[in-house]
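Look for chain A in each of the two complexes below; its partner is chain B in the first and chain C in the second.
Right after this comes the complex of A and B.
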């Protein structure tokens, strides 16, 4: 079941209705949420629900252990304190081994076996490792990071351990975010789940807005642009000309944003209907004027996770990594690439962004040195040409890096990249007039979504909000009519669900 | 009133208003489905039961005409299963029809029901396997009940297959809405275009010619897939089950739009299929009626899809068929002895 499937339209009103009919007690609300969340997961694959249950049980056990074995104070150097520190470290390692082991088994075992087989064959050894064909449990990449973040926070004393099994299991399995994030922090979600939720009009309105935005993004924009402009060219790059390649690349940038951003808006909207706030995951990334800014705006919860739990502890720690910012950046983005999937092309994508971040860091340091020498450089950096150039470079880099992200193999990366400059004559044809209209409307919608965030146009949205309520309602009603007429019939799977 | 409530109310009213408008421009066409046929069968005691693909919808007109001609003594219920296929008919027959038939005339209540005739409408397409190994999506969508869906869901979770059941339930919940019902039918936008710029007759003619060619090719290609063993096994299971029932059984092939037929299609697909089906019917001792090319139906009697007769075509077909090949339906059936098995060998 996905948040735009018709079964969700059957299911969510039932959840919503029962949830708000229950007495406003956290235990009742969480029991219901947990039951429906497990049913939601069960609906995807009944046989893999135990994987989620076991993963939750292990981390609840570790959390309980850490709760009952409180960390001694930093200046306590007694043998008993050292023993307790060691025991807590073992508990953390147990959680790491289980979570990363499960991720490695389900997600990467096949990839590593295949890679090793290729290397062995290249060296002349023909004894190959068996390649495991296992089903990837839905959402494992998301809930694993969510649980690990919680365990890290509890271990470091940044977060009080959650002692309630019900709250903890609901935190792990909360259905709107279970399969594709946003990746919540324990400090944000657990207190909300521990307290009873109240039905608030403002939250309902914001939930409806977010859900509608997400639905338009996914069902109209992503599902229109992907099959019409992107998929044909990436599946047969040699048959299409450069214009088709560039359009497919820009189209994919729009599609992947609308697809994953759309999912995040849907999840946030759903959670708001249930009185829960999930973290923002996308903040107008295509307005970014540098790569670091881009990664603060795109898949925010994943990048914060990677920087908080990998980059910061390494470069601010005490080992070899201390102060090695470039190596830290490269590691973070290689990890991000690997997190997205067990494919060399994802690693290439990660390496490109890691390198881009390093180049930017050095450029930034160099430019700051110029600023220190001459204050005119500060003004220059604020000028429209500089900002425009910075924006164009950032977006161009992101676009180019999307090629290995989208391409299924290294061969497609090469053919597609060459096709941006020279190649065939083909151009995707859209036979149905309604689909042509939808493509134009989809691009216009995303452009409009970004435009109203720009200073020059930001008053537009406020002006719309100031219109009389019946007129605004009529506009929303017409949007619903438009969606029913133009949204493609068969919704495709969310791109990030497969990660 | 609170602004957010006003916004919601205005949105709903705008949606409903637009929907009403579209209802006038392109009224939803709610087709008869398996559950409509089953409901009618369950709530009445007809003499004739018809199972077939979407073509069985034409038999509603046959039923009306039959009732009118016999003064209501001969009632007919048609159960249409979209997309056909013998294995799907077999499922519907076993899971939905046979339990009711058994209550009426089966071993438990022999002689209490009026059901005396069973008509199986089938054609070459029904004996071809599902394309690309895909399962019959129309079966869960159009023939399942909740008690069929739930065990499947509990075993497999929600799949692309069983989700069709929910999708169809969802659509039928909204059958009052032109906008929701139009999803997948795409009638509103062309109707709006016609209103705006008028009918493009030359384009319509070109489209019709292209559709004719597509159908001709499809029928010609049918020779490669007809009489698939899996589908024929499904057909045989139905025929075997019918043997123990004291009812008259007829296998019927419906007429085809003349423009979709080519000599190659007739000789390589339609005739071999009809020969095989006729031989099978004879083997079981059942009646066989082949109307593929023998009816007076003209191209104008078919809908734009080239596959189904239009309202006028339905009436013309009913009138003609009850005068000719289906005239036997006008008189009461003579219950045959329960058959022991096929009277001849395999065709």
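Right after this comes the complex of A and C.
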């Protein structure tokens, strides 16, 4: 079951109805949420539920230990305080070992064994380390980071430990975000789960619009553009010409945004129906005029996590990493690449973005030195040509870096990259008229979505929202009818689910 | 070294590194969020923290090392001047 499945369309209204019929007590509401979240997870693969249960139990145990072994004050230098600090550190290490160990086992063991076998073979040794064929537990990359963030915050004293097992388990397994985020922070989600939720009209309106937006993004845009323009070219790059390659690349940029952004909107909308607010995960990334800005707008919760828990403590810390901004950036993006999957191409993608961030940082330092000398450079930076060029360069870089992200192997990266310049004559053909219309509508929808965010058109959306409710309702109704008529139910799988 | 001196130091640093004479205008009021108003991004915060540590020879508590705790001029000045090791410019 996923958020766009027919099964979910049946189950969710049932859960929604019972949820709001229950007495407004957090324990009742959380019990229902937890039960449905486990059913949701169980429906993917029953054998993987114990993995989630064990992961939750370990971190609840660590959290309880930290709660009962309070950190001594910074100026307490007694032996007892030192012992308590040590014990807390061991608890943190236990959580790290379990969480990273589980990720390494399920996600990377096969990749490392295969790579090692290949390297040894290249050196003339015919070793054959057993390559594990383990099923990747769904959402493990997301819920592991969410739990680790919580444990770091509790360890550092930024967050009160959650003492309720029911609230903690719901925090980890909350179904809208369990499979593909957004990655919530304990400080944001736990207080909401600990308090009883009240039904408010505003939540329903926000939930409905976010859910509808997510559904259109996923079921219409992503599932139309992927199979028609992207998949054929990436599966046989040599058969297609440069125009088809560029179209596939732009199409993939639209697809991956609509797919993952769409899932995030669906998750946020679902949670909103239940009175829970999840963090924003995408904030119009294709309007960004620099790479740092791009990463503040794309998969926001993952990037904030990486910067808050890896970059900031290292680069602003006291060891070797202190002040080593470039090394910190490279580490963050290599980690991001590895987080996305056990593939060399993801590491290449991470290295490209890490390098891009470093180049941007040095360019920025250089340009600022010009600004200090001559204020005309400040004005130049604000000019339309500079901003347009900055936007174009940022988006072009992101586009090119998508090649290793999408390609399944290094061979495809090479063939596809060459195909952008020279190659065959082929062009994807869309035989059905309805599919052609869907492609055009998909591009128009994404363009419109971005356009209304531009200052010149920003008022349009506000004006639409100010229209009388029946008119807005009629428009939403027409969209829903159109979706039912033209968009197949049971959309394909989400790209980010695999991570 | 007074509160207004620390305030001046931070504004000068913002001018030197990011806003080139516009920092005061962009900041507007001392409780205005740096992050929400594009005055400083999260990468810039790390640089500012390193600069404050080096300038005032203070050690900012890593547990409080979060843009959210330093997200306005007023919060930064209050933190620095309230730091137990703060003695002004070393």
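The criterion applied here is as follows: the second predicted complex is superposed on the first by the 496 of 499 C-alpha atoms of A that agree within 3 Å, B and C clash if a C-alpha of one lies under 4 Å from a C-alpha of the other, contacts with A are read in each partner's own complex, and residues count from 1 in each chain.
Just so we're on the same page, a contact is a pair of C-beta atoms (placed from the backbone, for glycine too) under 8 Å apart; a residue touches a chain by one contact, two chains touch by 3 or more.
Since this is a predicted model, take the numbers as computed values, not measurements.
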Which of chain B and chain C A:80 touches, first, second, both or neither: neither
Chain B versus chain C as contact partner of A:1, first or second or both or neither: first
Contacts of A:485 with chain B and chain C, given as first, second, both or neither: first
Chain B versus chain C as contact partner of A:10, first or second or both or neither: first
First (chain B), second (chain C), both or neither touched by A:158: second
Partner chain(s) touched by A:323 [first = chain B, second = chain C, both, neither]: second
Interface residues of chain A shared between complexes with chain B and chain C: none
Interfacial residue positions of chain B with respect to chain A in the complex: 2-4, 6-15, 17-19, 153-158, 163, 166-167, 169-170, 179-180, 182-184, 186, 188-189
Chain A residues touching chain C - in the complex, by the definition given at the top: 74, 156-158, 292-293, 296, 304, 307-308, 311-313, 315-318, 322-323, 325, 361, 368, 371-372, 375, 378
Residue ranges of chain C touching chain A (in the complex, touch as defined): 16-18, 20-22, 41-43, 45-47, 49-50, 59-63, 65-66
Chain A to chain B touching residues, read off their complex: 1, 5-7, 9-10, 42-46, 201, 204-205, 433-434, 469-474, 476-478, 480-481, 484-485, 489
